[in-house]
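Note that the chains take the letters A, B and C in the order they are written out, and that residue 1 is the start of every chain.
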Amino acid sequence: MRSPTRLKFPIVVLGIQIIFIVLFALTVEYDKSADAKFDIQHPRNVTDRNPPENEVSKYYPMFQDVHVMIFIGFGFLMTFLKRYGFSAVGLNLLIAALILQWATLVQGYLHSDGNVHISITSMITADFAAATVLITFGAVLGKVSPLQMVVVALIEVVLATLNEKVGVQIFQVSDIGGSIFVHAFGAFFGLALARVLYDEDVERSTKEGSVYHSDLFAMIGTIFLWLFWPSFNSALAVGDDQHRAVLNTYMALAACCIVTFAISALVDGEGKFDMVHVQNATLAGGVAVGTSADMMIQPVGALVVGAVAGVLSTCGYRFITPFLTSKLKLHDTCGVNNLHGMPAVLAAVIGSIAAAVANTDTYDDPEFAKIKLYVDVSPGEGRTAGQQGGYQMLALAVTLAIAIVGGVITGFIIKFIPMFVAPKKEQLFEDEPYWGVPDDHRTYPNIPII
Amino acid sequence: MRSPTRLKFPIVVLGIQIIFIVLFALTVEYDKSADAKFDIQHPRNVTDRNPPENEVSKYYPMFQDVHVMIFIGFGFLMTFLKRYGFSAVGLNLLIAALILQWATLVQGYLHSDGNVHISITSMITADFAAATVLITFGAVLGKVSPLQMVVVALIEVVLATLNEKVGVQIFQVSDIGGSIFVHAFGAFFGLALARVLYDEDVERSTKEGSVYHSDLFAMIGTIFLWLFWPSFNSALAVGDDQHRAVLNTYMALAACCIVTFAISALVDGEGKFDMVHVQNATLAGGVAVGTSADMMIQPVGALVVGAVAGVLSTCGYRFITPFLTSKLKLHDTCGVNNLHGMPAVLAAVIGSIAAAVANTDTYDDPEFAKIKLYVDVSPGEGRTAGQQGGYQMLALAVTLAIAIVGGVITGFIIKFIPMFVAPKKEQLFEDEPYWGVPDDHRTYPNIPII
Amino acid sequence: MRSPTRLKFPIVVLGIQIIFIVLFALTVEYDKSADAKFDIQHPRNVTDRNPPENEVSKYYPMFQDVHVMIFIGFGFLMTFLKRYGFSAVGLNLLIAALILQWATLVQGYLHSDGNVHISITSMITADFAAATVLITFGAVLGKVSPLQMVVVALIEVVLATLNEKVGVQIFQVSDIGGSIFVHAFGAFFGLALARVLYDEDVERSTKEGSVYHSDLFAMIGTIFLWLFWPSFNSALAVGDDQHRAVLNTYMALAACCIVTFAISALVDGEGKFDMVHVQNATLAGGVAVGTSADMMIQPVGALVVGAVAGVLSTCGYRFITPFLTSKLKLHDTCGVNNLHGMPAVLAAVIGSIAAAVANTDTYDDPEFAKIKLYVDVSPGEGRTAGQQGGYQMLALAVTLAIAIVGGVITGFIIKFIPMFVAPKKEQLFEDEPYWGVPDDHRTYPNIPII
């Protein structure tokens, strides 16, 4: 049986790559620190004991942690579906690789004047853009064609970058781990998209579920996300801010993890752990502490935020996801509302409170206060701490608005423009329409096929 | 069927998390290098080409390697059991996340005066504590309930921390890779525990074994442990000591690996490789070189230690484990005696010899001699090298004593206090009592169920 | 049934390890930076805020990325075969561990005068040697016994090191990512080997194929290779060269990835993605940019190189591999010609062109020009840029010659010396002759066994 997007997919994607190449030729160059013309950081002398460090050394280890989260973490987390593993890890790779290029361009155009300069930090922010879209992917996993997902990625990156520019440059909001600009945006964009794409066939599919080994593959994704989340929340911070972001995220994740196990057993009729909760809700602490990770929330604050996120997320999977599907006709395949959506709203609220109570007793560092929180610590320099808290909430509100409206519009585009080819009933949660599959795929796992 | 720990588990674990939160609120704060009040390492000037580095940058990459070992390495290594994969990787996550918090508190209380200060180095030592308990977990894998394992973790962290305090602060012993304080302690605590919990049903279970794909999942754990072991053995070393610890561990592992393959084929009746040996004994070189990794054992010394560990560990799996089960009623699921126990004793002996022969010709660095080995290199400054060698062995003896006695007592506590609910015969090596499992779990792999 | 190499394998491998130990004892010592005698980089004072950094800190994070590529990347990539997963990941570990020691010796003897000094950089170059042999392994995967592969490794490391010495020291060629000295050498050595070992039984085997989950295991390898390839191509570069090598590799991989998906669907009769392409051709961009990664090829250059590599590699799998098998009697199990061979030739050509057009306008850094490209930028200092381009091509030609002749000779050695025991017909692509396997291996996947 032929793929529904047989010629359309290659033509569109090759066209996109050609456009990227043209745009790179016209507008992209190396940052000075990566350009041989400007050897500012090049060791002048091989016997120099302590040459100035190129910024690639400083950012690279955490960049790679984030990189692993995007491609292994998100990719394998989504392999839990028994008949959609190739698509989960494969399309995750495709979409993310496309975004690395597209976000480099879009972020470059929106954040700089004229030419785009690529560097290790632009690589990190491009990975953040990929995270945003992959969160959205989770909401519609198994229900969109590869071509539809390409379209979603192209549109969403533009809107997410615009939203972040508004939040960071205009509202001057602090969101070091991207809980507002990455997690909330990606989740609510995805939920809006999923609502528009809703079809009753989805609920009748017998393919939306896991088998024993697909759940173990998914745990590879979960654990790498859990391990490297401190890097995600601190990659772009410096000095003690970075140290604190690492500590707060580590503590929030630890508390979230054990609360998730407890609540999972508590809300289950038989008192058993639910693999969906362990795969997902254990990570909610990383989202919930994202905005305030580099703020002085104290170790106990991190634990409390993580524990609350664990309760919120686990109960979300148990009670809210079924409600959304049955009452609101919103089918959220990976439960991104529980892992990213609600914890990101919590993150924004915590961040707002932490910003509002900031003062010079806690932050005896005028640099931090001025550069990162925009709090009025020396008279006449701008906002009060309370005002900053307000701006933090404003950024969340604007994020939700742009994400939901953007998701709805994008949903209509990919649903009603026929060339993007939505999957038919029997193609839901199924690799076979898009992939050459081994023979055992039909017979293993041995399930009735709708 | 209901979980045997239906309400008990959530109540106990939530209670523990609440206690942790209270203790953090009362006693835990950021280390100065992570506190915005003390901006000692914060770049004062964004144009500063070479700001003083925060210690998070220095330790973070190796911390993450260790972190991967704990959660991916130990977690997936234990997925080799065909019907216990969810528990292996899931409980590993739960127990380790619990220990990250508990060890932060316990180590803080025992090692410092008054308040606990968390930092990237406390994160590393908390991961070491997790390793200790997860080694113990390997000895009783499939034979304890999640609630029993939580109790084990709480008790063992206290005893292991006490033991390490005695060894490091009183005996002033050098054990950079934790072979004595982590591997020997965890293994012998686990063996004592397994002896107390022994039940003949264990040997009659048909579920203690692997399937083809569960063995491949286990190899994910093995390889990551093998790769990052040099980080485990050197994370807390500095300068040339760290460099040497990396080199020695890398060489010991390389030799251990190929000797393991050779001996595995040699001791097998059909001359074939045994997956159990490849998954485990290849790692014994990392344990065996742990105490002496930063000492001047020379590259050839590292190779010899690794090769001997490979022989010891592989023969242990082939001959000693069956002997322990049949003669001593000690059933060691993962063979931690072979991977951790015996190689750790070897490590302590090697470390003792290396310390005893240390001299100022080899270590032309009074700092190392004074700070790390406590060898009398400048007259009047304390011990002779030979005395240091003796203290190294004393630390091993004390470790074995505390571990074995502690393991026996802990075994009685979890065996005879009914609320911790030991698994029944048919619940051994089986996820189903504690986890919601997919339908295929009953039929795949297609084995008779006792 | 007994293993065909029952006693031969352990005796040979133990003998090799003993020889390694003797050679290490006689000739290997720590590099000064890892030797306690020379505390040049040891912090003299624990309160020193900014001690000189030991080189282990500088190289270690990227070393570990490369290490993961060798053992997880190559190891799991080869688990795609349904009945050869233990051998794929197990023999990969064995062979690589053997090479870590052997390459340390061989590279030390050929590159230095007298004694071998081991350090973090010798660890990286030993990993590169392992990569060379593992690429070769891919060409003959499933068709050689473990003992044959040990012999291949011993011979190939010597020839590859000699070839690299000629290229780097005599021709003074720049090949930062090893596309010529690692990828081209390993691939063409492997192809020559595979040609000599050709047997018609191979094409009649029903075991050369994947199952659904073996393809997912292989994706673990693919993704880690894809993620860490920028580290491979930049581990030994410094300053802005390293930064640029990271950026160019990242961009080349991103373009290669999405072009691979497009071409894979385009050349498939049904318009579907082929897992073989996604597992392999997505990586070709990393090979193709390897030689020029640290040169000023510009971001758009990296994209173009990656995109061309994606087309070349995917079309190679679709059209050239079947042609080689049917017409040239060259069976290339993993298609290393497509992933490593042809893209490495492309890499050499790109590198030659980039070197030939280098000039002082682009490289305003006499150090780079002099040390890395040997371009005549200040009159009288040697070659012109054009001459350097010529030498780059010469290095490729010599590499191909040594690799092919070496591969043919090695093929005859392992084919016709009986003690190395080539697999028989029914032992092809099958773990069972060499491994103790779980019961389900015979029945799962449920395929007819030839």
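Criterion: a contact is a pair of C-beta atoms (placed from the backbone, for glycine too) under 8 Å apart; a residue touches a chain by one contact, two chains touch by 3 or more.
All values reported here derive from a predicted model rather than from experimental measurement.
A.B. asks: Provide the labels of all chains in contact with subunit A and in contact with subunit B.
C.D. replies: Per touch definition, common to subunit A and subunit B: C.
A.B. asks: Same or different, please, for the subunit B to subunit C contact, judged on whether over half of the interface numbers appear on both copies.
C.D. replies: different
A.B. asks: From the mean C-alpha coordinate of subunit B to that of subunit C, what's the distance rounded to whole Å?
C.D. replies: Computed from C-alpha means, the inter-chain centre distance equals 33 Å.
A.B. asks: Enumerate the residues of subunit A that touch no fewer than two other chains.
C.D. replies: Expected reply: 50, 61, 213, 220.
A.B. asks: Show me the residue ranges of subunit A that touch subunit C in the complex, using the header's touch definition.
C.D. replies: Touching subunit C from subunit A are residues 1-3, 5-7, 9-10, 13-14, 16-17, 20-21, 24-25, 28-31, 33-39, 41-44, 49-51, 54-57, 60-61, 64, 67-68, 71-72, 75-76, 79, 85-86, 89-90, 93-94, 97-98, 100-101, 118-120, 123, 146, 213, 217, 220, 433-441, 443-444.
A.B. asks: List the residues on subunit C that touch subunit A in their complex, please.
C.D. replies: For this pair, the touching residues of subunit C are 50, 52-53, 58, 61-62, 65, 82, 209-216, 219-220, 223-224, 226-228, 231, 234, 238-244, 246-247, 250-251, 253-255, 257-259, 261-263, 265-266, 268, 270-275, 278, 282, 296, 298-300, 303-304, 307, 361-365, 367-368, 445-447.
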